[in-house]
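Letters A, B, C and D mark the chains in the order given here, with residues in each chain numbered from 1 onward.
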Amino acid sequence: MNLVEDLALPVLVLAPLVGAVWLLVADRVGESPRPGASRTLAVLAALLAAAAAGVVVWRRPEIELTWIESLGVQLDLGVDGLSAPFVLLTGLMAVVATLVPYHEPLSDARLAEPGGHEKTEPMALGEVVPAPRSLATYYACLLVVVGGSLLTFLTRDAVVFFVAFELVLVPMWVLVARHGDATTRADRDGAAMRFLLFTATGSMLMLVGILALWGATGTTDLVRWAELAGSSLDHGTQVIVAVILLIGLGIKVPVWPLHTWLPWVHATAPTAGSVLLAAVLLKMGAYGMIRLVAAPLPEGLAEVAPVLAGLAVTGILWAGLACLVEQDLKRLIAWASIGHLGFVVLAIATGTETGLQAAIFGNMAHGLISALLFVLVGSLKHQWGGADLGTARAALREVSPRLGFALVLGMAAAMGLPGLAGFWGEWGAIYASWAPGAGRTEGWFRFFALLAALGAVLAAAYAVRVLREVWAGDRRSPAIRDVRGTELGVLVVLGVGIVALGVYPVALLDLTAPAVEGIIATLGVGP
Amino acid sequence: MTLELNISVLWPVLAPALAAVVVLVLDVLWPRGGAVHLWLAAVGLVGGAAATWPAIAQGAGDATGAFCLPSGSCLYAASSLTGGLQLLALGSALVVLVLTWPAWSRAGRGSATSAPTVVLVALFLAATAGVTAVPAARDLGTLLVSLELATLPVVALVALERRAARYRGAVAGAVALLTTSLVSFALLALGAALWVAATGTALLSPEAAAEAAAVPERSALLLLAAVLVLAGLGFKISAVPFHAWTPLTYATAPLPVTTYLAGTSKVAALGGMIVLVQALAGTSGFALVAVAVIAALTMTLGNAMALRQVDLVHLLAWSAVAQAGWLMLPLASLSSRAVHAAGGYLAVYVVATVLAFVVVLTVARRPDGGVLLSDHRGLARHQPLTAAALGLALLTLAGLPPAIIGLVAKVVVLRPVAADGTWWLLIVATLNIALGIAVYVRWLAALIERTAGEEVLVPAPAAEAAAQTQPRGDRGATAAPSHAAYQMPVRHRVLIGALAALLLLGSIAPVGIF
Amino acid sequence: MTRAVDFPWPDWELPTLPLPGVPDIPIPDLPGTPAQAAVLLAGAAGILGLALSKRSSRTAAWIAIGSAGLVLLASLWQMYSLHEAGDPRISTTIGPLAFGELVVPLELSASRLSALVAAVVGLVALIVQVFARWYLWFDPRYRQFSATVSVFTAAMLLVVLSNDVLLTLIGWEVMGWCSFLLIGHLSAKDSANRAATKALLVTRLADVGFVLGLVALAAGAGTTAIDGIIGHWVTIGSDITVAPGQGAALTLAMVGVVLGVLGKSAQLPFQDWLPDAMEGPTPASALIHAATMVAAGTVVLAQLLPLLQAAAPARVLLAVLVSITIVLAALLAFAQPDIKRLLAWSTVSQVGLMLAALTVVPVGTGPDAAIMHLVSHAWFKALLFLAVGWMGVLTGGTVVRYVVSATKRYRTLRRPVGIGLLSLAGVPPLVGFVSKELVLAQAEHGVQHGAGTAGTIVLAAVGASVPLTAAYCMRAWLILDRGPRRRAVHQPGAQQGHEIIDDFFAEPEVVEEAIGIEEAESAISSSARSAVAVLGFLSVVGGLLAFTPQLELDLVINLQLLAAALLLMILAALAVWVASRGVGSRDAAARLPVSVSLATERGLGFDRLYRAVVAAPVLRLAHWVQWLDREVLDAYVRAAVPAAKLLGGALEQTHPRRPAPGLVLVLGGVVVLAVIGVVVS
Amino acid sequence: MSPALPLLLAAILAGVGTYGVLARRHAVLMLIGVELMLGAAGLILVTVGQFDIGQVGGDPLASGAVLTLFVITIAAAEIVVALAVVMAMFRTRGDVDLTGEAQTVEAEVPDETSPKMGEVLG
């Protein structure tokens, strides 16, 4: 047991990274490995990481290393109640993302099938279809994303956090730019570039905030920051730093109006990329908001909380409305993500224990739900040859009931149906917004709670819209094959996760409660 | 009046300088020396590099002086930072030497003697000696002399392009460099004169400056001196608006010399800047604000311009301008930490830029190669390892992991600025990181792009079938046969490997850089 | 109005019947409570029904019906054990939840009334499951249907037995979603999808109020436990007093809750989803509109009754809207050209009666009258829906022209339909009569005990509903029971030679389409028939419940009022009979002008109102949002590209390519630096 | 003699030199402008050394004078290099006009207008 415990943490971080390096090297030196071999290796690494994540969360080992001595940057790894669910989620998503089958990117020739979709660029028919190639780099990129995210959640040092935060950008960019679908290559590159520039700008702003906190506290230790709870910064500085951090993290989350990159990127990214983006990468933003803003800058957060909550609520409504008219199913799911994360941000802004609990829960729920929906929609998109809702297609309920069932489950969860994972986070957010923490204007927050509840109605509206357009109906052609094999397994696992979290939220809430209590309890300590 | 010499400290400067002298003397004694001169130069550089060790090994804050006055202040002082900068200069010079080795050893061919080689080698060594001296300079005289020593031979090196097709351009580039450097030097000299007038001493001591700043009429004089001195140094580091020569000269000079300008020369520039800003910092906020404004302007303009370039040398030239802004950024807040940050950033920048130049040069020397962005299309397929190294260099410059060192370098230079609370500068810098990413990722995208040879026109539904039937090996073999025939010279491989290894090592454990 | 007659009539106290003593069964010490068992069994049946029945309707039926039976047993056992051991009985669920500052115990509580309602729900669910097994015999999606019904039942039981507003909300929302699935069961039909969507969205919109109301209640109390909430907000003594300074907050919260209840119970202005919901299969209608979803509002308000009593404005709001709904829905029911829609509108009206009874409960009295009406409505309305569904199978539809003289053609239908309509009309001594009289008495009692204006309005509406109900019941009966003219009497099953579906656990040959309705013509299974018979029996004798200790009604029946009501009932029936004479179908509503009947068929255009007021603006807003997002928010992003290009271009143009201008730049830079110097110093 | 006169002269020299640098297209004339500026610098240094401007006591290092020597030496070295380059310029172009287009190399490189920008940033 001791050995397993000692090894778990290094394995957790290194398994994906080493796997990735091995794949990258193998792809460049000598004959590239066959796609099957790459995939097997990637899945093994992911499984190893997932198992290690379980052990780490269970046994809570810790590692302390010095990384850059002159800066006092430590490579301290370990989990607490706050990061544990994120680590577990990332472990699960690693397995999901590597297992999800690789679809050859759709390009113009295939997207130009009759039915007509929204054209953003004049389309050249008969564009070359890229020749298939070794997938080693693809899987390596997935693994780096996973490794980087794990490191982000595990580290206790702000600089390492930032570095790990950035580590996922380039592989994600490669995934979108090289393996994404798009009407034209320009579109694909555009989406990839958008992702990179947006999130890089965001993380650089976050860096500014981190530097400011570093300067004020003299340490980069996140635990220490949380203990100080902003006592070393005066009020004005807290506000400025909080604003900068929130803008930076808000791009990643994303918070309205910094969200415009997300639908693009999701519409383009390959399925596994979308899964990781929605289920893991966006979480890093929300996690950062708790770790870097809520804990160390309570006063600053309290000051800007009404604005943040207002933006979050605007995002909920905005996304809900956009979903009502969006024509691309994958973009629609992306919009839904924006709405869900709006609830998360709203919950964080309230600055109460209930809010933080709801935020963490909402994150986990959104991770599972969006992963399920993206796996599903990815499969649909590649069978349909596009994700346009305007095209007449066979009703899922008639031709592929398993996919249909998964869609119903996913959509019900997305609209926050009780008994499924989405409910607790959303309800908690509304509750917390109704009873916000110290220093928040009650009136505004209650108004936001009302708007958030309206946003939940919009969620129901777009959920039934999707079900009506995709699931119900009497068309039976063109028939598509029902989901089976690995994909089915992935969907089942995610579906069971969604139901389990929805029916028995106690485990997750208990897991995070001590950490959340710690964060809120220190608020009284500051001046 | 005695001057304590303390020669042992001077070896990093003396070694290349001596090597230059020896090369010249040897040429007199043995006119057909051939490649011996190059070997001598290499020995000089390596010797100098070895001699930096004692300085580097010093603890933080210690400095060993040479040419020390009885009053205790020295005209030359080597702290660990100085040592590091000197090592960097000598190391990058060594890379340039290796790069240019065949060209320079060929230079002698056709003439009866090896004189052309000797000229080049001597100029090169002299310039390097100048570069190594600048960071250690602690008085105006040393600074002026070493700066000019670092600049003038390079002008000649630029002009001494031997390929006829490029000669005309090279001369034009040399003229641009020359005129700018002359004017800048004139400004520097005026500034130095005013400095002496204001402080009464040629020593670059913060105390004297602070003393002068206390008296109103002298403070005005000091301000004017600071303006002129900064302008003079700004040229060397290619800060906006003293940058105009940069793209001109970079694009026209022989590529190894461009590498020298972009790498080694920057050491001198930053060294001088550090020395001056340290001396000026105590006087008023002026130097800091000026440096901040210049840094912001420089990085913004550099990135904006780099974004449009299709010629990679131009792109790197503008990137050098942008990076100059980053180099100056920490100097906008004065502390020993800031100075170290700038030094660390310089080290990362020099390694990455030199690596990028080496790759550009390798690709340019390929049979069908060139220095355009289009020549790098699909490089990741043809030369995966080279492309990986270049990618690492570009990511380092952009500050994106997996080139963690680039990111850490950015963190380090931003830290003092944040500590000062110069928010506007932080925001500008932050936006410039994004802009910079756009610059380098554009190149990176070209690297991993599929070339026409790789893409197959497949009727849409058959694409998947083709994926399963066509074995991979075939496609690898059919792709771009011309590239397969080309064998990269061993020295390029070694250089790329070594530099990439440096960056990788730094990424894993950035120890001792910052 | 009935009070105009002024001579002394004796009032009549409700007698307590000399019931036979309940056998004394020892209560064993079970690991869980019946409440837990009931909810868990029903919920598990939903999941297991889908997971275990691999394409086998038989397994699904076993699971669904078996669990429904067990649920019924558990709830009956619960009634018994409460009777023996006293109430309430608290039991835990998954909680307590670690939800920060908020205490979330998530407990169930079984009391006298909730146990009764739970038993009724269990019974109706069992009957519906049994009936559905026949009704959806050929439906390839029977498994999904039965599983959904199980989950639905679980959700309703959760609401009924909840002692925690969060549990209430969970059950509430799950019911809404299940109703979406059930109504849209025939998802190949667009009208079914539309109706399902409408039902979900309308109720969900109203739920905004419900959610916020409950949140506000919980936030004030710091707990989600219902008794905790009531204890925090009000003090119950001889009169109910609101905690000081919180009257407005309580009123707002209760207004929200009332809004949610209005939505779920299909009361004005949310009533229009319910008639459309008749697109669902009949068993679903019977379940949703008899015992469960529409009645859930009554249950919740009964649980929160002290708060409703304390929040007068919310109570008045509820009373006014409900009163209007009662009358309006009854009028609309009269004019419907489809019997099933008639029943739907009658449901709206009857649910209004339950809620109306709640608004006039004086302090210190329980909501027993409302619950009695809930129970009675559950029985006779389920009976009617099942019977009409059965009829629809036989006649091929429920539109008036299909069902004319149906009970004459299919005589087996005569008894259940007749009992149901009589009970609905409130003819003594059927259960409908008892419960309606109790509501009337409650209203009258309320008016005398300070229910104020609300009481008067409610009394008027309830009084008006009596003849109106009688009228539409009479109309329906006249149509159904018209003597046959031309067509010979069908002998069920005889000449058609269809498969007789009798062993309901046999495995049907599942055909592709849901053609069961045609195939199963006249072939009702004996189990389904007996299920209907049970309901019929209860509808007749169920009134006795009012005289058992299960209900505590300290009401005094005003015999004057009673007589007046009966008189009005008879008059209305007579009037309808008169009107129907001379009409071919004996449809009294045929006398109405076409424009009126069209308008009533469309529910007075509420659908268009919803679309015009809510759907269209929201969609327009959505298009704006899309446009704004693309053209304004994202424009900045896209503009960055041309901006960068332009900037680069401009710089490129100005960038000197010659040495001399470079020098100008250098010297210009000196000037700039000097300016900075001057500014800084 | 007051230090004002030499300083005034230095100012004039610097001004004329600046004017020369800015206004003259001829490379040699530009060089002369630079030399004038250097002269001004030297003059200031000498004056400062002589008149003890801004000094509390005497400067044991005689900074002014020493630096003047330095400047003169460097200027001489500069002129050597500069004239060599100007000669080369004259040989390649036939004139020494500094305002002439410098980037003749550009002609070799096809100036691809950057269409990739749109694609890349999309």
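Just a few scattered comments:
To be clear about the criterion, a contact is a pair of C-beta atoms (placed from the backbone, for glycine too) under 8 Å apart; a residue touches a chain by one contact, two chains touch by 3 or more.
Worth saying up front: this structure is predicted, and the values here are computed from it rather than measured.
Think of the whole protein's Cα atoms as having one middle point; the chain whose own Cα middle lies nearest to it is A. The interface with the greater number of C-beta contacts, when C-D is set against A-B, is A-B. Our note on geometry: chain C versus chain D, Cα centroid distance of 91 Å, whole angstroms.
A straight line joining the Cα centres of chain A and chain B is 40 Å long. Per-chain CA centroids place chain B at a distance of 23 Å from chain D. Centroids of chain A and chain C (each the mean of its C-alpha atoms) stand 37 Å apart. Annotation for chain B: residues touching 2 or more other chains are 175-176, 179, 183, 187, 248, 307-308, 438, 441, 445.
Counting only residues that touch two or more partner chains, chain A has 189, 193-194, 197. Chain contacts: chain D has residues 21, 30, 98, 102-103, 114, 117-118, 120-122 touching two or more partner chains. Residues 340, 384-385, 388, 395, 400-402, 404, 407-408, 410-412, 414-415, 417-419, 421, 423, 426-427, 430-431, 433-434, 437-438, 441, 445, 448, 450, 454-461, 463-464, 466-467, 470, 472-473, 475-476, 509-512, 514 of chain B are the ones touching chain A in the complex.
Residues of chain A touching chain C in their complex: 194, 198, 257, 260-261, 318, 321-322, 324-326, 352-358, 395, 397-398, 408, 412, 417-419, 423, 427-428, 430-432, 434-435, 449-450, 453-454, 456-458, 460-461, 464-465, 468, 471-474, 499, 503-506, 509-510, 512-513, 516-517, 520. Residue ranges on chain D touching chain C, taken from their complex, read 18, 21-22, 25, 30, 98-103, 114, 117-118, 121-122. Partner chain B is touched in their complex by these residues of chain A: 24, 27-29, 31-32, 34, 67-71, 104, 109-110, 126, 128-134, 144, 148, 159, 162-164, 166-167, 169-170, 173-174, 177-178, 189, 192-193, 196-197, 200-201, 204-205, 207-208, 211-212, 214-215, 237, 240. Within the complex formed with chain C, the residues of chain B that make contact are 175-176, 179-180, 183-184, 187, 219, 223-224, 226-228, 230-231, 234-235, 240-245, 247-248, 284-286, 289-290, 293-294, 301, 304-305, 307-308, 435, 438.
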